[in-house]
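Note that chain A is present in both complexes that follow, paired respectively with chain B and with chain C.
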Partner chain A sequence: MPRLELVASLEGHQDRVWQAIWHPSKTILATCSGDKTVRLWAPASHSDMSNWQCINTLEGGHKRTIRSVAWSPSGHEMATASFDATTGIWEHDQRDNDWECVATLEGHENEIKSVAWSSSGQLLATCSRDKSVWIWEVETDNDFECLSVLQEHSQDVKMVAWHPHQEILASASYDDTIKIWREDDDDWYCSDTLQGHTSTVWALDFDASGDHIVSASDDQTLRIWKMYKPNNAQGIPTPSNDPTYRTVCTLSGYHGRCIYSVSWSKVNNHIASASGDNTIRVFTQTAGGDEPSWEAVATIKDAHGVHDINNVTWFPTQQHGDWLATAGDDGVARIWRLVEDE
Partner chain B sequence: MAFSSALVLTDLNDYIAPSQACIKPVEIEKSEDQGPTEIKVDQGGDYYEISKDGGESKLEKASITLNDCLACSGCVTSAESVLITMQSQEELYEILKTNRLAIEQNDPSQHRTIVISISPQSRASLAAKYNMEPLQVHKRLVYFFKHHLGAHHVFDTSFSRDLSLVESAREFVERFRRYMANGGDKMEAALQRQDIEKQQEAEDGKRRPRARRRAAAAKNEDGEESSTQQDMPMLASSCPGWVCYAEKTHGHIIPHISAAKSPQQMMGTLVKDYLATKTNTSPSAIYHVSVMPCYDKKLEASRPDFFLEQFNTREVDCVLTTGEIEKMFGEQNLQFDQLPEADIDDMFNKTVTNSEMQMAFGTTGSSSGGYLEYILRTAARELFNIHDVPADPSSESSNNARVIVKTGKNADVREYFLQGDDGRILLRFATAFGFRNIQNIVRKVKSGKCSYHYVEVMACPGGCVNGGGQLLNPNSEEVMSAKDWVSRVESVYQTVPGVSPEENEVLKEIYNEWIGDPSSERAHTLLRTQYHAVTQNLENPLATKW
Partner chain C sequence: MALLNANPVVYQTSINNIRVESETDFDDDVVDPIDSEEVYELLRSISDPEHPLTLEQLNVTQLQHITVNNDENHVLVEFTPTIPHCSMATLIGLCIRVRLLRSLPERFKVDIKVRKGTHQSENAVNKQLNDKERVAAALENKHLLEVVNQCLTTAARDAVAH
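On to the complex of A and B.
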């Protein structure tokens, strides 16, 4: 049975760490915190992965907690979403090895909960407690133009995530639903509403192909949704001729409290979940098709002691495909490795 | 988050969690060390605070008006629906009833002159639904209000819109001249140089150097900081949805909003000042109803700036939406398409009667009033002595050498560039309809990167024909989509030919008689208004943040 072992603990933040997000290609971790800063971490040396140091701190850009951080696909820019209702755009100056806040996007009425870059790097999405999802387009000279303001959720929107290849957006909300957004002509619209969870949907992630979504909810379950295209073989109706998603698997009984975060590895297809019950769990798929099954293979209890775990993210590339990063209310970010015993 | 175009009258849930700060500043004076107090309610429903030593002090009742409510996106009480019904057809029926009684009892003091002003957008909405021409709709409305209900006058806000257009254009020319005199000429020269550079590079096929460094270079070259003056751009003011949003959320942009009153309020002034004087009636003895395409116009009518303190009356007493008057037909057991037509014989109308034919006229340009088109033509003439700007530069048939029209990312964002004879861009105008496009304009103005001189800002995508109070698409989605319905209403609206304000002889006479000198203080008092940023009182105990 595989198990999770601790690789490193990253301390330095002065308040809870909300997210720990990996650089798209390098071995660098970005963490954002209630202390209004973002810290970048890298191992002190390539031979010793247990010793990490803070290589950069992004500060002064926000007046309140930074709730979410996202790397652009190139790794040269970062977006920070804050409770001060603004989104900061930061650019890396290679010569000075410095990060500069080059733009501040305003418009949301209150706390922004999540920010995400599309796979093309051309679009940015933000969502907020004001129930709206905003889509921005990256223009030249660090200008971002608002493309659409989507107000179809009836409650706080907790997270947004882009499809790994297409310009399709998914949002998770306190209204217990997930909404899928697509572009049509000159505006964005909600092409599907995924209902099934019985409480707040806190997080979601796409699989490597983009055909499946895993969602984490306050109802203590994880749901795996599969996309069905129009005229599909299984006879699932697709109203308005857009693909629709259906639950194909529900993982329940694995967490005793709210599940705050979920990550689907694009390298090894494992799913990792982090919960208010202080555990991290790893699931692996044992059967596929229209009725897939998943098995819990590894667990770490009290991964951050008695503190909530706010975020879990798999390493994005083969280089360290077995690594997981977690962020906790204890102000610490941790890196774990999934060890497959023989 | 509720932005005006989403504002419709629906069933409200009785409990609305105080998830957003109420914008109504509630000041509570807290005295120190008072110890525990009791609250007593007396038989009259008044509240008293009884302090420890037994002394009573009457507590002020907190009040929230329609004005506060509609401007706010999170309401403390769900009585918003009650407040909206304060301006409704019920009120009109009451006034009509009082009038009938006054006549019966021969008591002129109770009698009020009832004036109805109809907007061309509401007219177009009815025309599209009942498959009629706008003129036919207008004539039936005259019958309905004057002959059936008993109102005294039916006016067309296309008439007062001319006043609004003329005043807006006048203000624009003033602002532009002021802007040029205060360093604007250097900014324009720099922008025109940049235009030429961009054009040359595009022709040479050169790759643009990294934009960020380039912008920095341009700054150094001209020594110009990004613009901090407040004259340019001028932003349209006739949309109360936009104005209220700006006052509540973007106070910094208020100096840019045109001071000219909207057509509705211009009509209010015409009725309660000019008409009242002419007919020797007290303004409070006139009840002015306007029929508008949205609910935000109710908010505009109830602004304190449009309340005549001297006469204790509002310039527009009641606003009814297109949907609300359609309900009235039903309430009166009438079928709109079976109503007879009555002649349009009131003074504030834009109709011409030739022998036996009557024709209705409107204004060229967008369904939101044609502000951009009119101001562009007037400014070109007044500022640059250019007389060949087409009335509607965006239509295919017009000569586009003088005005270049570019559609932006979506149909609600368009740019209009006035070209001088030497190819330099002299004026840059734009339209921005809908929340997302307004965001972009506001952001550009805030960071000083807005190079436009005038922006016609409207809250509803598609313009006023798509207002929140217009008649809904009567067809099912398969037969005609919502988008197509809006296009249809727009095309019906455009069937009314445009006549420029300069050709409105009736208006010119009234203007000269009533106002005289357009730059006088009197003109400004009658034709212009002010805006007020809403400041949030952060000590508001009703605001819970979680």
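On to the complex of A and C.
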């Protein structure tokens, strides 16, 4: 059985860490916190990957908690979502290796919970406790135009995530649903509502193909959803002539409290989850098709001591595809390595 | 401003509710797990947001509705709003949460719920009180934090007096 080994603990934040997000290609981790800062971490040297240090602190951009941070696909920009109801856009200045807040996006009525860049880097999505999802177009000179304000969730929207290679957005909400958003001639609309969770959906992630979604909920389960196109062989109805998602697998009994985060590796297909029960779990797929099965292959109890774990993220590329980053209420981010035995 | 519940029933606080210290409480060699009485002590003197009365006097918190599991590091507090449509229920629950957040060891996971059948928006209140992200956002609201701290001053005073 594979197991998780601790690679490094990154200490420095003055409050809980909400997210730890990998740079799209480099060994740099961005963490955001209740202390209103983002910290960037990198190994002290290429030869010693166990010794990480804080290489930048992004501060002064937000008056309240930074709940979410997202790298642009190029890695030259970052977006920060804050409880102060604004989204910060940060640009890397290569001359002095510093990060500067170059734009602030306003419009949401209250706390922003999540921000995400599309795979092309052309679109940005944000969501808020005000129940809305906003889609922004990235223009030249750090200009952002709001393309659409989507108001179909009936409660606080917790997370937005883009399809890995298409301009399709998914959002997860306190109203217990996930919604899929598509564009039709500059008009964004909800093409599907995924119902099944019995409490808040905190997080979701697509698989590498984009044909599956995994979601994590306060109901202590993970659900795997499969996309069915119109006229599918299985006879799943698609009333609006858009693809529809159905739950094909529910993972229950693994976490004893709210599951705050889930990550589906684009490299090795493993799913990792993090929970308020202080545990990280890694699942592997044992059967595919319309009735896939998954089993837990590695567990770390008390991964952040007695504290909740708020986020888990697989390294995005082959280079360190076995690396996992976690963020905890203890103010610490951790890096783990999945070790396959023999 | 009209009070929501103008004439609340005031309950006689029982002397039996006050925890009697035993000799072993002062013996460092005796393991002293946190029990429901200790949690009750932390909560009973919190002030009601509307009335100059404590949660104990209004029967909002009761010893038998507190469950502590030391081995599993879990605390469940069920409270009873004074009236089924009490709009202060979320605020009272938030005061209870903040009090326990500040007083209990970090290892405890705390669930706070309205006692079943005592509030018409029971599920909505429970969901909000147990969403830590919304609790964190609420506590960054200066005005709300002031109100919470106001309700907790009596509890803090009480704890010091003991």
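One rule holds in what follows: the second predicted complex is superposed on the first by the 342 of 342 C-alpha atoms of A that agree within 3 Å, B and C clash if a C-alpha of one lies under 4 Å from a C-alpha of the other, contacts with A are read in each partner's own complex, and residues count from 1 in each chain.
Just so it is clear, a residue touches a chain if its C-beta (ideal position, glycine included) is under 8 Å from a C-beta of that chain, and two chains touch if they have at least 3 such contacts.
What you see is a predicted model; the values in this text were computed from it and never measured.
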Which of chain B and chain C A:31 touches, first, second, both or neither: neither
First, second, both or neither for A:147, with chain B first and chain C second: first
Which superposed partner A:313 touches (first chain B, second chain C, both, neither): neither
First, second, both or neither for A:130, with chain B first and chain C second: first
Chain B versus chain C as contact partner of A:19, first or second or both or neither: neither
Touching partner for A:67 - first (chain B), second (chain C), both, neither: second
Which superposed partner A:106 touches (first chain B, second chain C, both, neither): first
Partner chain in contact with A:276 - chain B first, chain C second, else both or neither: second
Footprint overlap on chain A, where chain B in one structure and chain C in the other make contact: 110, 129
Residues on chain B engaged by chain A in the complex (per definition of touch): 1, 6, 19-20, 73, 208, 211-212, 214-215, 249, 409-411, 435-437, 439-440, 443, 446, 449, 545
Of all residues in chain A, those that touch chain C in their complex: 16, 34, 64-65, 67, 83, 110-111, 113, 129, 156, 158, 174, 199-200, 218, 257, 276, 306-308
Residue ranges of chain A touching chain B (in the complex, touch as defined): 102, 105-107, 109-110, 129-132, 137, 140-143, 145-149, 151, 186-187
Complex contacts: residues of chain C adjacent to chain A: 73, 106-107, 109, 127, 130-134, 136-137, 140
